[in-house]
Amino acid sequence: MDMLILNKHELIDNIKSLFKDYEIVGPSQLDGKLYFRPVKSMDEVVWDFVNPVNNIKDFFFPPSQVLYELRQDRIKAFEPDTKKKRIILFAKSCDTRALNLLDKLFIGDYKDTSYTARRETTTIIGLSCLEPADRCFCISLGGGPFATKGMDVSISPVRKDKFLLHILTDKGKDIIAEQGTRPEREELSLTEALKQKAEEAIKRKINIPSDFFEKFDSDYWKGVSQACIKCGICTYLCPACHCFDIIDEGYFRIRCWDTCSSDTFTKMAAGEDHRKQKYKKYRQRIYHKFQYYKENFGEIACVGCGRCTTYCPVKMDIVEIVNNS
Amino acid sequence: MSRSHFDSGEKVKKKLKIIGFLCNWCSYAGADLAGTSRLQYPADIRIIRVPCSGRMNPLLVLKCLQEGADGVLVSGCHPGDCHYQEGNYYVRRRMLILKNLLEYFGIDKRRFHMSWVSASEGAKWADVVKKVVEDVRDACEEEVKTAG
Amino acid sequence: MRNVYVPVPAKIIDIKIETRDVKTYRLVFEYDGFRDDFSFSAGQFVEFSVPAVGESTFCIASAPDDKGYIECSVKKVGKVTEAIHMLEVDNMVGIRGPYGNCFPIEDMKDKDVIFVGGGIGLAPLRSLIRQVLSGRENFKKITIIYGALSVQDLVYKDELEEWQKRADIKTVLTVDPGGETADWKGRIGFVPSVLEEVSPSGTNSIVITCGPPIMIKFVLLTLDKLGFAPEQILTTLEMKMKCGIGQCGRCNVGNIYVCKDGPVFTYSQIKEFIEEIN
Amino acid sequence: MNKRILVIGGGIGGVQAGLDLAQMGIKVTLVEAKPSIGGRMAQLDKTFPTNDCSTCILSPKLYELASHPNVDIFSYSTLDKVDKKENGFQARIRKKARFVNEEKCTACGLCSEKCPVKIPDLFNKEITTTKCISIPYAQAVPAVYKIDKKHCLYFSKGKCGICQKVCTAGAIDYEQKDTIETIDFDAIIVAAGAEEYTPRIRPEYGFGIYDNVVTSIEYERILSASGPTGGHIIRPSDKTAPGSIAFIQCVGSRDISSGNYAYCSSYCCMQATKDAIITREHDQNACSTIFYIDIRAFGKDFDKFVDRAQSEYNVKYIKSRISEIIEKPKTKNLAIKYITPDGRINTKEFELVVLSVGIRIPDQIKELMTELGVKLSEYGFCPCDAFEPGITNVDGIYVCGTLMGPMDIPETVMSASAAASMAARGLLSPEISSEIIKEKPAEIAIEEKYLKIGVVVCHCGVNIGSVVDVPEVVKFAGSFRNVVFADELIYACSRDSIKYIIDKIKEHDLTRFIMASCSPRTHETLFKSALEEAGLNKYLMQMTNIRDQCSWVHQDNHEEATEKAKDLVCMAVGRSRYLQPLHELDSEVNKACLVIGGGIAGMMSALFIADNGFRAFLVEKDTELGGNLLKINYTLEEKNISWLLGKIRERVQEHPLIDVCLNTEIREIKGYVGNFTTNLTSGKEERNIEHGAVIVATGGREHETESYGYRDESYVVTQREFETMLLNKNPMLKYAHTVAMIQCVDSRESDKNYCSRVCCGEMVKNILQLKNDYPDKDVYVLYRDIRTYGMLEPYYTQARKTGALFFRYDIENKPVIQKEENGEFIITVYDEILRRYIKLRAQLIVLSVGIDPLETNDQLARMLKVPLNEDGFFHEAHVKLRPVDFATAGIFVSGLAHGPKYINESVSQAIAAASRALTIITKDKIRSEAHTAVINEVRCTGCGFCVDVCAYNAIEIDKEKNIAAVNTLMCKGCGSCAATCLSGAVDLSGFTNKQLIQEFQELFL
Amino acid sequence: MIIKKIKTTAKDLLTDGSVSLIIGYGINGPGDVTPVFIKDPDDVEKLVWNDQCYYNLIRYLSDRDFIEQNNGSIGIIIKGCDQKSLKVLLSESQVNRDKIKVIGVTCKGLMDSDGNVLAKCEACDVVYPDKDFCDVIIGEEVKKKEKEKDFSDIDEIDSMDLPDRKKFWDNFFERCLRCYACRNICPLCYCKECIMDQHNPQWVLPSASVVGNRLFHIVRAYHLTGRCVDCGECERVCPIGMPLRKINRKIIKVVKERFDFESGKDQEQKSPLTRYRENDSEDFII
């Protein structure tokens, strides 16, 4: 669709004008860490950053949400309040691509109403990655620092304080004012150069061995999973992980994130657990991402953001583990 | 149960619900004696009988607060009087830690109390209840105030 | 758009004590529309909600033809089932479903049908048995082999008696050694060995089995010995489930979600992942 | 078995004797003259030296006795006549008319509240008043009211009758008459106790003249939280808190000026110390001063208690006899004139004076004893032989407690237990089990039933009904899920109501039952039995207290009380859903007892086990029985110890039921109450024995001193050696014209801070013997306090009369000994009276060295998993009420292993230990508690926290599985383990986490 | 120098069969230090030793899954601070001392990613592991630094007003994901079934919410009473940067001040919650 060239202040002014009608979520510092979180002004928003701790799935599929209230005499469903629309600012291509993966599941055979409603009422403004992190490996999974899949508007730098806006959807169109100039060839090539530089910076590649599927029963998994402490960091910070639990807190039924690494995930009420051992849990996570999701939905459920490696308490490296399998 | 109950009620209720865990041998008997002596005290307390104050796991206190109790009181025999030799000595240590933790996380310490009431201290029991109710009420009011 | 997680209210109209830890609940949907439209096939399951406790998965034990109500048999094992056991007639619960696939009843027609059940595993079979019996003429020989730990642990005692009385079905009941009572007239022995004694034919037949994992394991060995091919054997898997609709991830084994792609599988399907779930 | 024993007196002695007998399977009839049992202990505030609440520890015993099926209590009753019959007695018991029907009275107290007549409150020593219809104290057992006919308007004027009008239970019966029952008994235990001395006869103390002079027992009531002043210490004259309090010791003790009170009352020093400490705890500014002659802190841990009183509670001790007390007219303060140690007269003013009154035997008890034919001593007490404490001159009549002489609570309890096994001789048999098997209907299996809850809300006449809106509560209860039956009753505890409840349980097929009424502490047993009658497991009942803890304490607020009652019912419903049937576990009992130690204590324990028909293993590590007694020749009372010892040894060795294992050591003890296996080794021989109980009677030993040149000087000897010298007429005595005795050598200081109790008596004994044999010899005694308590005091007086000179020294100023060249000793000691150092010359020095615990105690303690105190003696379960028990069931202690004591005390404790052991081994099966710890093996990590906090050694870690295992028989169900476990792996049945959570969760859901 | 010795020690132990596995430090793909598990003597070259070796490897000794998989003797490389956790585990009989070979290494302090010495190392009092506790000691002996415990960080929070303190913590509780990394990395959290994972009864709200999270952290801290040795692993791994050491150290402070107890000193120690003194402070009791 449309492409625009905007100065930084023009872009800021444009976004500022949206605060009135939209809830703006953007990368912002809190206690020395960067999070996607609701911001009150553009001053809070960080422009140069690699992946924040959390990712944008939180705003569609939150860590915990009340589904409904169930009592003897009534059932009251809770739907998210989407009256005020939301804009997610400066999402990175890996996170937005992950949303497309989640869509296949949550807006599939059974439509998840709250996810769908949030999806429909959220506009995503993406920001290209100029300096990807050491642990990024998006390219090998079909993404890239300048990829735009899943965005409504993408922003790529041209040069200092000048940006190329790519308006990709109608939702994107709704929030970007007619302004600025059309990109010129030179500007496009400047962006292209930045893109190439960024892509070159990504050295890590995931390389699924051809006999990956056959490796399922290999003792390899027992070895590589030894260090795992079965916490939920990799799954909770992963933009593509989506397992959840449904529990009751008082009369409220709540859906909350769950992780396949936890001891309770597959344990039945009477105590049996078909995936009790650590290596089985770990193997499940890897195969679910790299094998089953692909078989069921045609795509690998990993976008190469590198969060799982960065935040892993024992620094297990998914790239190394998959590549060496 | 309200999900925010642990953070105190939205408004201060006229009547509080304070759960008292009383050991069977001293405090429960002391509370009975307050009754036999017709000593009057506020009706905000609900007593749960336990064999020994040493039965009290801090988790029970926390669970109680989480579920919505405005305050919790644990009462046992005076040190040395424990029917089960030493249960109250252990619970004293456990509850000290709990009390410190609650306070450290910003929970008003007046919501949780512990007392020693013997079987002959009917009057003390009445006084303890009065104090606890007053404290819990103050704590509730203060929290509502600071919450805006 | 309906929120898929929200159950519909159902009222308990009858509770039957089956054993010391199993009760059967008969439920009627509160909304008239739902009551009439609710349909399912044998083998499917529902999510059963108890307010302020939680949700649990149960197969429907009544037959698809039993209109106006559904029945679930609940064995007390955990928190939700314990709460269900404390419910009484006229209490309201929530029901979601039906979910999952079902027994391929069309494929069974004109074949010998053998049911092999153990303990509470008779519940999903009961639904199918009732359906099969109501169209008895479509099937050839029908054999029911059912056993439990003890006489006390046999479920659906009234129906078992009824089936035993019928001449057009062969019903063999057994209890594990030591579980018999003085007046027990059935067999004494484990289900797999009783199956071997009964020795049904593997030609033009289909076996539906459900029970505790250890029983299934030996039943499969016996069936193999008797000449049944894996495709002839159907079973229904029990696994921890939460959403029931293939999203929450916990019943995922290989590329299947037991809740969505199951719970009914042929043994040939299960063979793929049997190692993992054992 | 229809054996029955009469116990006279319902004080702690009678209660203990009754309980022990009942537990051995013997029927007990207990007769108490007062309207309720409990005796003097019920009047005490706290007990020394642990300051335990007296009521707290006493009440459970009273309830236990009252609810024991083998026990009939006749309170407010007297003995009209006792006849000796063949093999026993026949007694006519007069149950005096209370004018209140015991069956019907619910102790609601309404009658007393409305009664217009106030009378002096005897229980509270007339400090306050009570009503003409009253109960002695709130926790009284039996809880039945009584009309004081003398003051009652109905009886005196024929009008009033208010109590009858207000009593909704219809319990008031003005026509009630005395009833008389005649019962046959196999034996009688007299535990009638004593009374306190009335100081009215000593006007110089001003008692009865000055308002602010009270007796120690009155002061106990003033201190008591449930006493007449509500636990506020106020003095009678102006109801203000006294800032300075004087305790005057030995009022009516060690005193022959006002009667025959030459004995020491034994407990008053400690009582005063305790009261002074409590006073200070009440009021940080109060100062107590104790005027004493000697501080007799001779018991276990008593000296430490006195030290604490001085160092932490600012209690002052002045050694002085007081000469006079004078009241200051304006302030009503009291000026005490006393003689200082150096002979000056001093005056000090106090705001309150407490007279530590001694005890004496009241005349009516003397009369009773005369009626029974029991001989009494000149002081009115019943004297007993050292080896036969409790045995009287009349066959079949035994005594215990203060009737034998002044003693405090633990000694009373010991003597009572001892009396029990003495009286039981010939009545027990291993073939007959003492456990009580009650016929009850078969229990319904609730798993095969629907969860149906029944709720009954009791009006308790007007007690609940007039405050709480009962119909409203019933309606509310009926609205709960699972509640299929809800009703109200006027008196749920009446016989008709119980029948109604049973019917309703059956009719509605109830599987849980909730009783909203009074306190479970008093009524749970009753309602539980109703459930049993109806075929339900009794633990499926939940009581909620809407009277004592609701209607009575919120009388003015009907609305709130109703709301609270509803909440309480709601909580009970929540909890009851999760109640499960519980069953006590039975375990076979091996009907034998192991006695460790062949000293006098061990021999006596074994003898009384065997005399009662049960097998005893007596294990002694030496080659000969007798222990310390082998070295003692005579005592103050007994002149020929070795002859007596010989007789006992002979009896032990020849007893067919005693297996004497000499030269034997214990390698290992495994098992638990009822089922111990012990490995014995004797030289190379090894064998295992099986037994149901263990008595530790390992004894102690004479302290080995290095002080005062004992190691090097042949003329420095111990009292024990001196005794032998006297007996052998040792030639050394010839040279010793002057004998100096030094008391408390190495005792009562730093690392041996306890009193050895027996040394003062030993010293007195040896002086008397010396002076008897060699009247010309001079004796000096250097002492700190003379602790000739009880009946030893007259001997002390006698010793003083022989001319022996006593010099008191202070711990800071110990005597110093110098040896002269001629072999004589010069002893330098500070004389308090002369206030300077004096030198004494002596040729022989005798040291009182005291008693040490055995070093091997530690090893045995670890084997048995029982504790030692800091001095190294075995630590009993409770210093007051369980003096021979360990917390661990089935293990008992006696003799010097427990602490220093005299022979007669050791014997008494040894027989008591036998008695306690018999309560176990007389049973075929031992029954566990119903509420016990349960381990979830899936969760348990074997960290051992639960093991560490279990006071009963009921948990062990299974080494193989590395998980905890509970010995249900030893578990008492306190739940400390469940609360300590971090993994949630331990729960307490009957008080499970889920049950407790559900109780409050129901309220907030 | 040290690393050379570590490698030869590891090789020797594996070669002579005294252990079948060495738990030590290695490097992962992107160059981070990570725990490594070495069975083949030739693999000892994978071992590293530097200022990034923060992992408390004792964690694996209380990991049931891990021990089940590696049931032979295990050699483990520990720092002075790690030995405290091991002592606690031994005192709670969670580790069979006979089946482990402890290789103690002198640690000069660890660095964070910005090159600053970690706070816990600043206050370290066990630079050199106990000679009589370890089976092998590598590195020079360093004199024990007797330091007065500094709890000024805790005092700072204690001195806040109640509402401020609540705000301070709630800020973190709002973000806590209940990923349980803090629990799972802790060598002392070895329960077979954590109380948080028990549902009947459900003690603490299981989903991530301020109320549930607060309770979780109270319970976690309570369960470490008299046990936590301040290894700081929980704080290191927390993805949201919650100052968990400030919680643990509060407990350490209370236990020290009130019960005069320090954990990890000696393997015979008993938890202060299973001990008492008759005169324990009870100023909070009515």
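Here the chain labels run A, B, C, D and E in written order, and each chain numbers its own residues starting at 1.
Criterion: a contact is a pair of C-beta atoms (placed from the backbone, for glycine too) under 8 Å apart; a residue touches a chain by one contact, two chains touch by 3 or more.
As the structure is a computational prediction, the values presented were derived from the model and not from experiment.
Peer 1: Ignoring chain B and leaving every other chain in place, which groups of chains are still linked through touching?
Peer 2: one piece
Peer 1: Taking each chain's centre as the average of its Cα atoms, which is closest to the average over all protein Cα atoms shown?
Peer 2: Here the chain at the core of the arrangement is B.
Peer 1: Which chains touch each other through the most C-beta pairs?
Peer 2: B-D
Peer 1: If you take the mean of the Cα atoms for each chain, which one ends up farthest from chain C?
Peer 2: Computed centres place D farthest from chain C.
Peer 1: Centre to centre, by mean C-alpha position, how many angstrom separate chain B and chain D?
Peer 2: 32
Peer 1: Taking each chain's centre as its mean C-alpha position, how far apart are chain C and chain E in Å?
Peer 2: Chain C and chain E have C-alpha centres separated by 48 Å.
Peer 1: Taking the mean of the C-alpha atoms as each chain's centre, how many Å separate chain A from chain C?
Peer 2: Chain A and chain C have C-alpha centres separated by 40 Å.
Peer 1: Quick one: report the Å distance separating chain C from chain D, using the average Cα coordinate of each chain.
Peer 2: Comparing mean C-alpha positions, chain D is 65 Å from chain C.
Peer 1: If I count partner chains per residue in chain A, which residues reach a count of at least 2?
Peer 2: Those would be 245, 247, 249-251.
Peer 1: Pull out every residue in chain E that's touching 2 or more other chains.
Peer 2: Residues 193-195, 199-201, 203, 205, 209, 212, 273-274 of chain E each touch two or more of the other chains.
Peer 1: Residue numbers in chain D touching 2 or more other chains?
Peer 2: In chain D, 938, 949, 980, 993, 997, 1005 touch at least two other chains.
Peer 1: Which residues of chain B touch chain D in the complex?
Peer 2: 1, 5, 15, 17, 19, 21, 24-26, 28-29, 31-41, 43, 46-52, 54-57, 59-60, 63-64, 67-69, 77-78, 80-81, 83-87, 90-91, 94, 118-124, 126
Peer 1: Going by the contact rule set out above, which residues of chain C touch chain A in the complex?
Peer 2: Checking each residue of chain C against chain A gives 1-9, 49, 51-56, 77-81, 91-92, 94, 213, 238-240, 242-243, 245-250, 252-255, 260, 275-278.
Peer 1: Which residues of chain B touch chain E once you look at their complex with the stated criterion?
Peer 2: 3-7, 58-59, 62-63, 66, 79-80, 86, 89-90, 92-109, 113-116, 128, 131-132, 146
Peer 1: Once bound in the complex, which stretches of chain C touch chain D?
Peer 2: Listed in rising order, the residues are 15, 17, 19-21, 52, 85-88, 91.
Peer 1: Flag every residue of chain A that touches chain E in the complex, lowest number first.
Peer 2: So the residues of chain A touching chain E come out as 30-33, 35, 53, 63-64, 134-135, 204, 222-223, 226-227, 229-233, 236-237, 245, 247, 249, 254, 256-257, 259, 262-264, 277-278, 309, 311, 313-317, 319-320.
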